[in-house]
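Okay, so chain A shows up in both of these, paired with chain B first and chain C after.
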Partner chain A sequence: MTDRRQDDMSTVDSATPDASRRAFLKGGAAAAAVVTLAPGVTLYATGADAAVTGPATSAKRWGMLIDANADAGVWDVAVAACQKEQGWGGGENPATDPQWIRKVTVKNPKTGATANMPVMCQHCDEPPCVDVCPTGASMKRADGIVLVDKHICIGCRFCMMACPYAARSFVHEPVQGQKPHMPRGKGTVEACTMCVHRVDRGQQPACVEALAASGSTAMMFGDLNDPNSDISRAVSKYVTQRIRADLNVGPGIHYRGI
Partner chain B sequence: MAADTTVYKEIEGKGGDYYSLIGWLGVIIAAGLYAVFNMEHHGHVVTGMTNAVVWGTPHVFAVFLIVAASGALNVASISSVFGKYHYKPLARLSAVTAVALLAGGLMILVLDLGRPDRLIVAMTHYNFKSIFAWNIILYNGFFVIVLAYLWVMMERRMNPHSSKVGMAAFLWRLVLTTGTGSIFGFLVARPGYDAAIMAPMFIAMSFSFGLAIFILIVNAAYRSSGRPLGDKILFKMRNLLGVFIAAALYFNAVQHVTNLYAAEHGGVEAFILMDGGIYTFLFWVIWVGLGSLFPLALLFNPATGRTSTGINIASVLVILGGLAQMYIIIIGGQAFPLQLFPGMEVSSAFFDGSVHPYAPSHWEIMLGLAGMAAAVLIIAVAVKYLPLLPLSLSDAKVDPHHAKD
Partner chain C sequence: MRSASRILSLAVLAFAIVSLGFGGGSASPAHAGEVPLPNPAKAFKGTQCVEPTDVMRRNHMSFLKHQRDETLREGIRGQKYSLNECIDCHAVTSPDVAGGKVRTLKPFCKECHDYAAVSIDCFSCHTGAAVPGIGKTSELPADHAEKALTAALEKHLDAGARAQ
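Take a look at the complex of A and B:
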């Protein structure tokens, strides 16, 4: 059991863990080097370390800070980047098509003030989806990223009943256009992976990178456990809020300006 | 405890009636399997379920059957745990009904999975934190313990142990229903569900639904096999059903009243009780009216309560009301949107902040009915091949003085 989970932690992003890919993941040094060259994003040495050291470690707590004051249009960029990276979207049945990340508009009925922000899996500290999953397919890595192991998901959807954020989607139809790093399957549940395949290579999640490339700093990704990381500094500097903090599930996504 | 002098015998099950019943059940089950094939082949997109209403009509039927299963065991429990010997002759049938209903309910749950082919995964990978996984263990245990109970009742040498095993089965069923209720009680984010009252309410409902089904089965079995069924046992069950209907209604009322006092539940309460459209209709008209108050009136009005037709109609209505109540709890609870920002107006392309529409597809209904048919089929086959039914349930047979001989 422990062994299996341990194994999942490093390979869960792949439903077909083949040796070459694993070797690629483990040989993270090269990937990390590439990443430190990536332009336009604040890079965290710690991010590269993750790839070098292999398995996820609880020394880190990956998280995000999202600025809801940003221009509403940037969230469409984030959603499109996620679709492109992970291979979802483009369906014709809005009620059943998967939606890993969505733009949510919040309006204060008294003042009329509105804010827009993306909502996706909040990568909770105490994820209800993981608690209820009968098979253990829903799981939290030591570094806080919550994933679905699609090998053992039976499609019972209990995790979707339990998630306070409607963050998960059930694949209602056969899937097309899968990405090699993100196998998806009809009859299983899926959600934002915080781009674990990129993070383990020392890169940023696709949405964060896309915003950065468009010149926006509205999404910030990093290690919340590292007091010197940009995200930790920002979280201690601004008044931030987490959605439904009252539920005590400890979301890893922080927001400001709601 | 009085020795059981009842003579049990397999039913003949030879007539055209019996075979046409079996035939019809077979057709309904085949139709359900065809529905499953379609749901698995095309994906759940052919159902009415969505990413917002993730549990649909199959779950309404499944949870109803599972809840009723533990209630159907009551007659057996009452006889061996509480020593009410007039129920003793029906204890075997009660145990078989319980097992059959549970099997039908689980069949639906499994066949609705996104990956029913991975059933083996569900049985080999347990997350012991999951109330759902615990329920799987509880269900399996229920099968084992109730079948053992049936065996000690049927095997004369083992009879002396029947009250102990009966007690174990009784306790197990209480835990099982609590577990089923907790599947919903644990969902903290869903304002319609997180009430401590959920567990006792499910137990009360299980008593009522299970007994209603049981009464119908006893009536049907005795009428069709031409064996005598006296008023005494029937009226006893009628009185019990009345008490259970009232208890279920009472706990439901407590649930709604406590929710009304909790400010954060105001929204979902108003939704179910006042402006939820179909859910409000189902609540007041089908569950409270047709499924609870009207059957109570039928049962305790001498003109109808003293006839088996009146009691049968009341039982059918209780079942209808029970299905409606499950629909309200399961689907109504999901149709009401999650509150990401309480007090704010929320909208998105993922339908945040709006009531989620849901309409059952015929596939889902076919699967649900197939589960019910499977339960009836198990009972029909069991009474033909096992000595479960007493030759007579006439008043003389059931009467305490005769039973004590």
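Take a look at the complex of A and C:
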């Protein structure tokens, strides 16, 4: 297998003594460069390595802080943003259609007080879904994001039974028109990815961004390992809770006001 | 006129290859009735692939599989072998897919996979459809329609010549 770190640019350096060509290639922000080094010898530099990012490391621990005191209407904005970004929803079987994030209303039976909050995959530190998966499809990235590797998921749904948060869905129907960043298909299990494709580009998850765009600060995303991040400061400042903290699975999603 | 004469010469050439190469001029070529050889369309952009063609033919599956694991499981992005880049260059229109209205990778892959009886199914999950911004450049060259037509005609003639 080709080494992923193979440096196209160093190959170029050793292949041509021509300084100007080298400079052109090195400085080339262009996606692709084609250089004829000698008659019949053409060099194709994809420049791909220049844009390589990652790998994800445990130096970061992505998480969210959700303020359940916010106006209940904002959670519909979050759900709609997720559907639009990831391409789920709009099915004809509400009982079984995939649901990556949902608005949940809880009520204290004694006092009658209610709270609304979004619930999605909690990106557990010690995810039961990963423990039970027979194929290794359920997996946790080094930065705490829990994903399903659909390439090897066999659709057994053990993970759905193990998840304390009912966060995962099985895809029962054929899927069409998937997003290029989010392949989805019948026979596999799926859940919130914390918008890993966006996070890896340095962006916020779609739900968080949509709320911010609507003027709400009810969802916050960031690195829980960085003591200076907004989310770490907020988590150390306010009393926060995690759903079913008694289970000790270490959810990465923190809540206020529940 | 130029394209008409081109078609004619292609037809003559294809017939000559079939009759000389296989049938020795007889009325029933030895290869009649066999599965047609795959004939995938040329890359639209007309540029060089990330590896030489013979390397890609033999190893594309390993490249893609290796990189998909690194992308999904390790979070390494932006490497050389990307399915989205395949789509960017090789997606074609086909009457079998959405009435020929979208460019997708499916017909391109199908050419050889059908021939080799490979039934890997990337496209029940990946759309394969070319959308703006999917690759580094989603622009098609100006002569793309002309090239696609020529490729389709060549394929048609090829199939016809083989059936004789």
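One rule holds in what follows: the second predicted complex is superposed on the first by the 205 of 258 C-alpha atoms of A that agree within 3 Å, B and C clash if a C-alpha of one lies under 4 Å from a C-alpha of the other, contacts with A are read in each partner's own complex, and residues count from 1 in each chain.
Heads up, the rule we're going with is that a residue touches a chain if its C-beta (ideal position, glycine included) is under 8 Å from a C-beta of that chain, and two chains touch if they have at least 3 such contacts.
The model shown is predicted, which means the values in this text are computed figures rather than measured ones.
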Message: Looking at A:P174, would you say it contacts chain B, chain C, both, or neither? Reply first, second, both or neither.
response: both
Message: Contacts for A:R184 in the overlay, against chain B (first) and chain C (second): which applies, first, second, both or neither?
response: second
Message: Just checking: does A:R102 make contact with chain B only, chain C only, both, or neither of them? Give me first, second, both or neither.
response: first
Task: For A:P55, select first, second, both or neither according to whether it touches chain B, chain C, the two together, or no partner.
output: second
Message: Applying the document's definition of touch, where does A:A81 land relative to chain B and chain C: first, second, both, or neither?
response: neither
Query: Looking at chain A, which partner touches more of its residues: chain C or chain B?
result: B
Query: Of the two partner chains, chain B (first) and chain C (second), which one does A:A68 touch, if any: first, second, both, or neither?
result: neither
Message: Let me test your reading of the model: by the given contact rule, A:V196 touches which partner, first (chain B), second (chain C), both or neither?
response: second
Message: Quick check for you: in the superposed arrangement, does A:D143 touch first (chain B), second (chain C), both or neither?
response: second
Query: On chain A, what residues does chain B touch that chain C touches as well?
result: 151, 174, 185-186, 188
Message: Quick check on the complex: what are the chain B residues that touch chain A?
response: 40, 42-45, 49-52, 54-55, 113-116, 118-119, 121-122, 125-127, 129-133, 136, 183, 186-190, 334, 338-341, 343-352, 356-357
- request: Spell out the part of chain A that touches chain B in their complex, as residue ranges.
  value: 93-99, 102-109, 119, 128, 130-137, 151-158, 160-166, 168-174, 185-189, 243-244, 247, 249, 258
- line: Note: in the complex, chain A contacts chain C through residues 1-2, 4, 31-32, 34, 42, 44, 46, 48-49, 51-56, 139, 141-143, 147, 149-151, 174-180, 183-186, 188, 196, 200-201
Message: Which residues of chain C touch chain A once you look at their complex with the stated criterion?
response: 47-48, 50, 62-63, 66-70, 72-80, 84, 87, 124-127, 129, 131, 134, 136-137
